[in-house]
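Pasting the structures in now, so scroll down.
Here come two complexes built around subunit A, the first alongside subunit B, the second alongside subunit C.
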Partner chain A sequence: MNHVITIAKREITSLFYSPIAYVVLALFALGSSLIFFNAFAPSMPASMQATFQGLVWLMILLLPGISMRLISDEFDSGTIELLMTSPLTDTQLVLGKWLGAMGFFLTLLVPTLVLVGVIEAFGDPDYGPLLTGYIGLLLVGGFYLAIGTFASAISRNQIISYMLTVFTICLFTFVIFLLSRASFIPLKLQQAMQFMFVNGHFEDFGKGILDLSRVVYFVSSTAFFLFLAVKLVESKRWR
Partner chain B sequence: MSNTETQNSRRFKYGINVTVSVVIVLAIVIILNIISYRRFASQRIDMTATRLYSLSPQTKKLLGKMQKDVKIVTLISQNAEEFNKAKDLISEYDNYSSHITVEHIDPARELTRVSQFYGTIKERYADTVKPLEEAIQKGREGIERLASDIAQQKKLLSDLMANQAFADGDEKELLSQVIRAFARSDEQFKQTNELIEKTLDSPMPDYAGSLQEIKRILSHYNDSVYGAAGNYLKQFAANSQQPNAIKEKLLELSESFKASRQPINAVLSQIDSVKAGEEYTKVMQQIAKPELVVLIGEDQIRVVELVDMFRMSQDQQRQLAQGQQPELQFLGEEKITGNLLAMSMDTQPLVVFIEGSPRMPVLGPQGQYQAVADRLENLNFEVKSWSTQVSVIP
Partner chain C sequence: MIHVENLVKWYGPTRAVHNISFDVPEGQIVGFLGPNGAGKSTTIRMLTGYLPPTSGAASIDGMDVTKESEKARRQIGYLPESTPLYLEMRVEEFLHFRGKLMDMPRADRVKAIDYVSDRCGLQQIRKRVIGQLSKGNRQRVGIAQALLHDPKVLILDEPTSGLDPVQIGAVRQLIQELKGKHTILLSSHILPEVEKTADRVIIIAGGQIKADGSPTELRQRVGQGASVLVQVKASSESVHKAFAGVEGVQAVDVQQQGEWAKAVVQPKPGNELREQLGQTILTNGWAVREMRNETASLEQFFIQITADQSQVVEESVA
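On to the complex of A and B.
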């Protein structure tokens, strides 16, 4: 566990040294405020439901920016050799990288707390849905970053891993959303696809409902992609 | 050489190993999700302060006891905040009970789904709809026959009117009226036909309405034209001052009218004898309205209108019409649960209001408790009143 924390800490520090992190930070803060003030008007409900839902879409483009360098950077600079020969297991390496990215994602969410303050100043918000909304954002972020960790282990090129991540996330969002409505797909398959739709699972969190099956969906799929990443890093040893 | 071979076989072994483990983990993830969905979907925690998405204890009790499957379909096109909340709450029924499935259709945008939905409704009543379709077919044949009769009689009439011996008088007046009625007939028949054709083409045809239309037009010719004119013709044939040749012609015409009435009467009585399809007609008329929630059970269909699901003052109705979003009080859960309860019961429960004096009625327009009775009737209670001074006990 100590190793994981060490890697995570190192990862967060190095993220704050890279320019791309500040670009993501700025875009995230700007995007969340724009979405928020779009729905900020008299007589509108004092909630962040719309903001959260917009953020989930925004995250498709921004989070891969954080995760794209996680492992591919180690390949590129050759430091992976050091990591591989250290007493660190591959699982610890992947988990540490992912946790570091999650830590940075938490930093991204901090500016949005200002928006909560704005609602509190102008209205009487219901804190239940706000809490579940943030829990949901964390779960979605964890899932997207796990996909990103997996993609960054595929290629030493950061751009390729960015594109791969965005493409994979789109499979779980746009593609599924559109395909599950196409009439040529049988009904059973449509339902199965709708179950895989990320934003559908997030919707309940935004509304203020905590559904354990949704949590299981996010946690299990996050774990699945982290498992894939571990297998991928492992494969470097025997390929 | 042998070195690369062993390396290759080693890679292959590792590769297979990884593939198998990935497949196994994927299967575990899928199974885990299926189990958790079945297990946890009915135990959602509502974190909103006002319990916005929580079903009431009564609803949960009913859903827990439900035996029959019910499908709830919402046909709501308005996108007001309140209506979305209504849809959300209805979705909770689906989450809570495995016997209930919920489908949301936007009738303004998803036209194919709407017509599919109408199709399934029609399918359900396929047996009762058949006699109706046959009756309409008979009715259309009747109209065709009437049209050909009229064409022949027109010829007779114009011959007679052109006859030099036919003197002016009441007879001529009557015949010209009949000619005028006949002249309109072609246009009328064409319109009726088009109307029926249009109805039959719609996804959920209004059979009863078409039959009514056929009946209306047939009985119009039967009574007002053939019946009335036929009687006069007979009288004229018996005692008028026209020449005998004309009288004979008049008699012939009246016989022809009489002959035409027979098939019409046959068709009319056939249409009247069709008793089936009452339920279909009722459901069809209810579903034709905009903005509603349809509950489809195994043996009955119930329709709740969206307007009834909100307590709305006239002021708020005006605001809504102007595109504003007034805050409405939602009664939908009460309505839907009431209907579900009614559907799961075999016999209707009866509520009797006891009335002390006929001068102070309990029910009816002046009834003091009519509001209570209305609500009970909405919840599918049978409501009756019993006056202590009248000895008949309901």
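On to the complex of A and C.
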């Protein structure tokens, strides 16, 4: 466990030294404010449901920017050799990397608390749905970053791992969103696809419903991609 | 301390290391010498647990590098070939990071970082960002991180590559100072490098061990059959005739250079010719301006082996 934290800490620090992190930070703050103020008007409900929904889409493009360097960078600079010859397991490495990215994701969410303040100033928000909304965002972010961690272990090229992450996330969001409305897809298949739909699972969190099955969906799919990432790092040893 | 047995590594269809076996007793400094692409780094990477061997086994202090990899890795301080470091970190920060990965408690880390900073001359640059350091200083940081947890075995892959002569001297001296405290395996493609620091030299080419022994032993092996070069003031014919008559001479090759004749005399194995050649020159009353053993230096030996490498590669393809 100590090793995981050591790796995570170093990852967060080094993220703050990379220009891409600041671009992501700025775009995230800008994007969340735009989405928020788009739905911010008199007589609208004092909630952030629409903002949260929008952020889940925005994260598709922004979070892979954080995760793309996680493992690919180690291979590119050769520092992976230092890590792999330390008494550090591949699982500890992958978990540490993912946790570091999650730490940075938390920093991304901090500026959005200003928006909560705005609602508080102009209305009377219900804090329940706000809390579950943030929990939901963390779960979605964790899932996206797990996909990103996996993709960053595939190639030492950061652009490739970025594209691969966006593509994979799109499979779980955009592609399903479009296909589940296409008439040529049989109903059964549409329902099956709905089950994989990230935004569908997230919806409840925005409304203030904390459904265990939704949590299980995110936790298990995150674990699945992290598991794939560990296997991929292990396989690098054998090549 | 280091035990290697029939180590083999294939990268797809290419054989990088072929049946390498050696043992390194505790406290010895071993130089791993070979041309680029000889399989030095591959062997080292298998020892440090970075690459798994295709077949064969290796152990560090009795711990198998594949079966008890984590334990074995704890015994090793390793400087990889290109000195990979986190460029955005500060020296001290980086050393703390390495120490944490080695499970050193904070107090031990602080002490160890002080010690290696002294040893590797990092005191002045402890707070500097690694990315801004010169190549020589980065190399010091690399060696410092390898030493940090006071490992039994120190493995340095080309510790002096890319350094200037002064820095090379400093690294060499550092390695000498570490003698006795650690078992050291260092690799290089530069011969004098290894010759000066190591107790023992293992020459590897084409993925195989070509020679193994102390620098002196290797030089003796090469020294036998060293030809003698003589320059005398005489005609080439008379020199050829006189030298060919000396006992123990295998072949004589003479070239006329103006008034001087330059002869290369090849002895039969096991013969030392200089005394008799001197006698011959005296009897003939020739003026001499040079006479020396053309030391088949380790350098030549090395070049000869290196030349063989291309053949080995062709064999493995065929």
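Quick note on the criterion: the second predicted complex is superposed on the first by the 239 of 239 C-alpha atoms of A that agree within 3 Å, B and C clash if a C-alpha of one lies under 4 Å from a C-alpha of the other, contacts with A are read in each partner's own complex, and residues count from 1 in each chain.
As a working rule, contacts are C-beta pairs under 8 Å (C-beta built on N, C-alpha and C of every residue); 3 or more make two chains touch, one makes a residue touch a chain.
Bear in mind the structure is a predicted one, so any value in this text is a computation, not a measurement.
With subunit A as the common reference, subunit B sits beside subunit C without any clash. Legend: residue contacts after superposition of the two complexes on their common chain; A:Gly200 is shown touching neither subunit B nor subunit C. Touch criterion met: A:Pro87 reaches subunit C, while subunit B stays clear of it. In the superposed model, A:Lys231 makes contact with subunit B only, not with subunit C.
Contacts of A:Gly78 after superposition on the shared chain: subunit C is touched, whereas subunit B is not.
Centres of mass aside, this uses C-alpha centres: at subunit A, the angle toward subunit B and subunit C in the superposed model is 150 degrees, to the nearest 10. Once the two complexes are laid over each other on the shared chain, residue contacts for A:Asp211 go to subunit B alone; subunit C is not touched. Among subunit B and subunit C, the chain that touches a larger number of residues in subunit A is B. With chain A fitted onto itself, subunit B and subunit C come no nearer than 5 Å, counting C-alpha atoms only. Subunit A residues in contact with subunit B (one complex) as well as with subunit C (other complex) are 238. Only residues 43, 45, 126-129, 131-132, 183, 195, 204, 207-213, 216-217, 220-221, 223-224, 227-228, 231, 234-235, 238-239 of subunit A touch subunit B when the two sit together in their complex.
Of all residues in subunit B, only 10-11, 14, 18, 21-22, 25-26, 29, 32-33, 36-37, 39-41, 43-50, 52-53, 81, 88, 95, 112, 325 touch subunit A in the complex they form. Interface residues of subunit A facing subunit C in the complex, by the touch rule stated above, are 2-3, 6, 10, 13-14, 17-18, 77-89, 237-238. Only residues 45, 48-52, 70-71, 73-74, 76, 78, 80, 82, 84-89, 97-98, 100-103, 145 of subunit C touch subunit A when the two sit together in their complex.
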